[in-house]
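In what follows, a single structure is set out as structure tokens and then discussed.
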Amino acid sequence: MTGYFHRIARDSWAVCKGMWVTLRTLVKPSITVQYPTEKLTPEPMFRGVLLYDVERCTACGLCAKACPSNCISLQNQVNEAGKRAPKAAWYAIDLGRCSWCRLCEESCPFKPKVVWHSIDYELVFWSRDEMVRCWKPGTPLAGWVHDPKKDAFRDPSGQVVIQEVPARHDEKGPKHD
Amino acid sequence: MSKVDAFPGGKFDQLFVNLGPQHPSTHGVLRVGLTLEGEVITKAEPDIGYLHRGTSKLAEARGYHQCVALTDRWDYVSAMPNNLALCLAAEKLLGVEIPPRAQHLRVVMCELNRIASHLLFLGTYGIDLGAFTPFLHAFREREMILDLYEMLCGARLTYNYIRIGGVMADISPEWASKTGEFLGFFKPRMKEYDDLLSFNPIFLARTQGVGLISKEAAVDWGLSGPNLRGSGVDYDVRKSDPYSGYDRFDFSVPLGKAGSCWDRYYCRALEMRQSVRIVEAALAGLPEGDIVAKGVAKTVKPPPGEAYAHVEASRGDLGIYLVSDGGPSPYRLHVRAPSFVNLAILQEMLVGCKVADVVAILGSIDIVLGETDR
Amino acid sequence: MSELYPKPVFSKKAGRLLKTRLWPTERWASPWSQPQYRRSAGMLAGIIFGILLVGVVVGELSKWGDLLYRLLLTGTAWLHQTLPAYGAPAGFLGDAADITWISFKVIVIVAVINLNGLWAVWWERKLSAHMQSRLGPMYAGGFHGWAQTALDAVKLLLKEDARPADADGAVHRLAPVVVIVPAVLAFAPVLFGKELAAAKLDVGALYVLAVSGVSVIGIVMAGWASNNKFSLLGGLRSAAQVVSYEIPRIFAVVPVLMFVGSLDLAVIDQAQQGYWWGFFPRWFVFWFPAGPLAFLLFLIASLAETNRVPFDIPEAESELVAGFMTEYSGMKWALFFLAEYAYVLLACFMLSVFFLGGGAAPLPFLAIVPSWIWMLAKALAMMFLFMWLRWTLPRFRVDQLMDFNWKFLLPWSFACVGLAGIMLLWI
């Protein structure tokens, strides 16, 4: 009989302890962020959307080799003599296949890197065609996307909310202010 | 498990119920076909494969370094041990010696990931049994670990941090102090989980004595991890086959007694405490030195041969069997995925249970379908 | 657009982006220094004050009710004399005043139930959010998402009324009605203050408990008619649960009825006025030992009657998806929801009338505050308790639920009646 009452008392006490925890949490400030009116800034190491600097690239192809998903493809320029020139004629990344593994950035022999992860984590597409980003000499870092309706390349800013954050080139911090 | 004789003597219509793949508590895309007599289950058939991606085959067309990125997608809740298992196997093939600092960092990351994974289990198990609040309390702490990972390697879920020959990046003093801050915050929270969920009388009534796995059955079905230890079998790869310098750390392996859902649950809760101990010890005694072994090229071609490495992942004994033919990519990659093996016992456990216990039992096995289906 | 999406801040001095993420360790260190926290605290105080203010207004308006009724009587009497002169049949207007008056009161009650639905859902969302370190709805309406539930109601009105092809059409359509009608009916004798009720019934306590039990038929109908296995299980579980928990719930009220000797809610309320030793309220919850025991039993049984955690077996979403509500959408679903919250409110008012002194002030000098404010405050406190329990506890299994009722609550409710009998020997 005492065991019965002891059990009732113990269980009631356990419930009270649980309720005390929720009550304590109730009066503490919340820890969530009100996305999208509040946006977090990722850490500098964050692996976001890939950016590419076509001006400095020598089209060595190491990044395409390192990529586990085969999402990078490129073509180097050809000079007057018909030989390979250390310049990219075009460069394309299929972000639909990218697994954000950082292997391409690590394989790049340049410092600062020519292809690197920005800290832009917002990436929205309307169709699979838009997932492919293309670069040619003169293209901005974010690249172009192909618009199948107009059969033309255009700026990706319409499809994606690109945060206006400085791009990270290496671990020491962003190159551009 | 209470083997209820469902309506002895009477003949009743059997009811077939599809639990999943779209059901609030199947933890991903698992389908369990239940045959019911009243509320008692007479037959249970787990149906897997909705998330099959064929990573073993994919690995045969990729270099060893690239395979590490594939491992992140098995057990996406705790990807660090997956990375580690593959790297250990590849390093066995290559015969590389890993610098002690890298080994310590691997241990720190794996244990932090174990905490994150068990926190997710704790929260979702509470939801399975109708308690919503522990879920977000657990995720509050899990977010902090993910923040630490983001700071360290840039990813929150698919880390690709542990590489063949070492690790991707060294930790900064800021990171170490942040980790200390997290551990200081986390220790009193574990007491809160106990108050809120572990020793709640309703929770105890739902889980104690439910889904019993005997020691023999656990061994026979090849269970591993907290599911095995919940039944009282003392087997932990970290102790029985130490890797990556686990033998240098002082920690104990919590064991359950009865093998019920609650034992498996509380084994994980206690394992989090041990992981905190290991992380603290590893960070305190972090040796100086390189984080990547010398002599690991960007494209590795191990000599022909085979290697097996296994680690104690968050869900159990994760084994990797690698065969090399001397080429740049594995000839064969086989994964002994703990979730897949642990799931098999479900069809025996569920028979004779009430339909309300399915959720409790399924939740306590703690499967990740990404790993089950691979 | 650009104002809505603030850009991450780049600090040239630090050479990196400024961090906007705060860990709990930082957030919890000094809560009062955070404007967000101060605003939330202010909001809470403001809401409670606002609710009580509404109570004051309604209560004061109720004084005009007698005048309105007298006006109606005079008006109909005048019509009664005048109209037959123009050829209208005599007796046609005999009860016109009462009919008008009753419809007016019904409208008030329905408005109370609807407003309670809007308020309680929002309140539950906010409370649960803050118990889980979240904020809950924050956008709709601009101020802490106050308009969220109202907009949800609009959304539910506009939603397609989907019905499974094999559903039993008539029963499927009828079920929400059978659930909501008793919920409205049960509010008839409920006291909103001292003697402020829609109908004065001599058997008010019995009436409330009896009528609120009718809803379970609607739940079983919903479970059956949906032609869904999960719905069927949910409906049957609900029938078993509600029928079982009726018994300890009614037995928990018996001690109160024994103390008072009447089933009239106004008399029960009246019996708890006054103070022991001049300051200690004579509420039945303090009538040790039967009073507090009956209070706890009634509270637990009410939780089960209203299908709330830890007794929400009929709609246990991790097992039965949404139970008997699975195949309902739009306004039909909203009616189930409205009925659930109406029953919660009903249970809260019953708890405060039976055990917490109704409109009595907790201390003698506070009696200048009108009784409906105390009534409302006690009911809201009970509602907070309901939600607090809901967001703390896990859910019972269906057989444990029955065990708990038949093996624990029922014997204790009998014991409670016995204790009350023994107590009456001395009183």
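To keep things simple, chains are lettered A, B and C as they appear, and every chain counts its residues starting from 1.
Criterion: a contact is a pair of C-beta atoms (placed from the backbone, for glycine too) under 8 Å apart; a residue touches a chain by one contact, two chains touch by 3 or more.
The model shown is predicted, which means the values in this text are computed figures rather than measured ones.
When every chain is represented by the mean of its C-alpha atoms, the one lying closest to the mean of all protein C-alpha atoms is B. Put simply, the chain farthest from subunit C by mean CA position is A. As a whole-number value, the distance joining the C-alpha centres of subunit A and subunit C reads 48 Å. Distance between chain centres (mean CA atoms), subunit A to subunit B: 26 Å.
Subunit C has its Cα centroid 43 Å from the Cα centroid of subunit B.
Annotation for subunit B: residues touching 2 or more other chains are 133, 137, 140, 147, 196-197, 200.
Across the assembly, subunit A contributes residues 15, 18, 21-22, 25, 31, 42 that each touch 2 or more other chains. For subunit C, the set of residues that touch two or more other chains comprises 21, 23-24, 131-134, 391-393.
Every residue of subunit B that touches subunit C in the complex is listed here, in rising order: 15, 17, 23-25, 39, 126-133, 135-137, 140, 144, 147, 181-182, 184-185, 196-197, 200, 202-203, 205-206, 354-359.
The touching residues of subunit C, counted against subunit A in their complex, run 4-10, 12, 15-24, 27-28, 31, 34, 36-37, 40, 127, 129-135, 138, 388-389, 391-393. Within the complex, the subunit C residues that touch subunit B are 21, 23-25, 128, 131-134, 229-230, 233, 309-310, 312-313, 316-319, 321, 391-400. The residues of subunit A lying in touch with subunit C in their complex are 15, 18-19, 21-23, 25-26, 28-34, 36-42, 44, 119, 161, 163-166, 173-174, 177. Those residues of subunit B whose C-beta lies close enough to touch subunit A in the complex are 62-63, 65-70, 72-73, 133, 137, 140, 143, 147, 150-155, 158, 160, 168-169, 192, 195-197, 199-201, 298.
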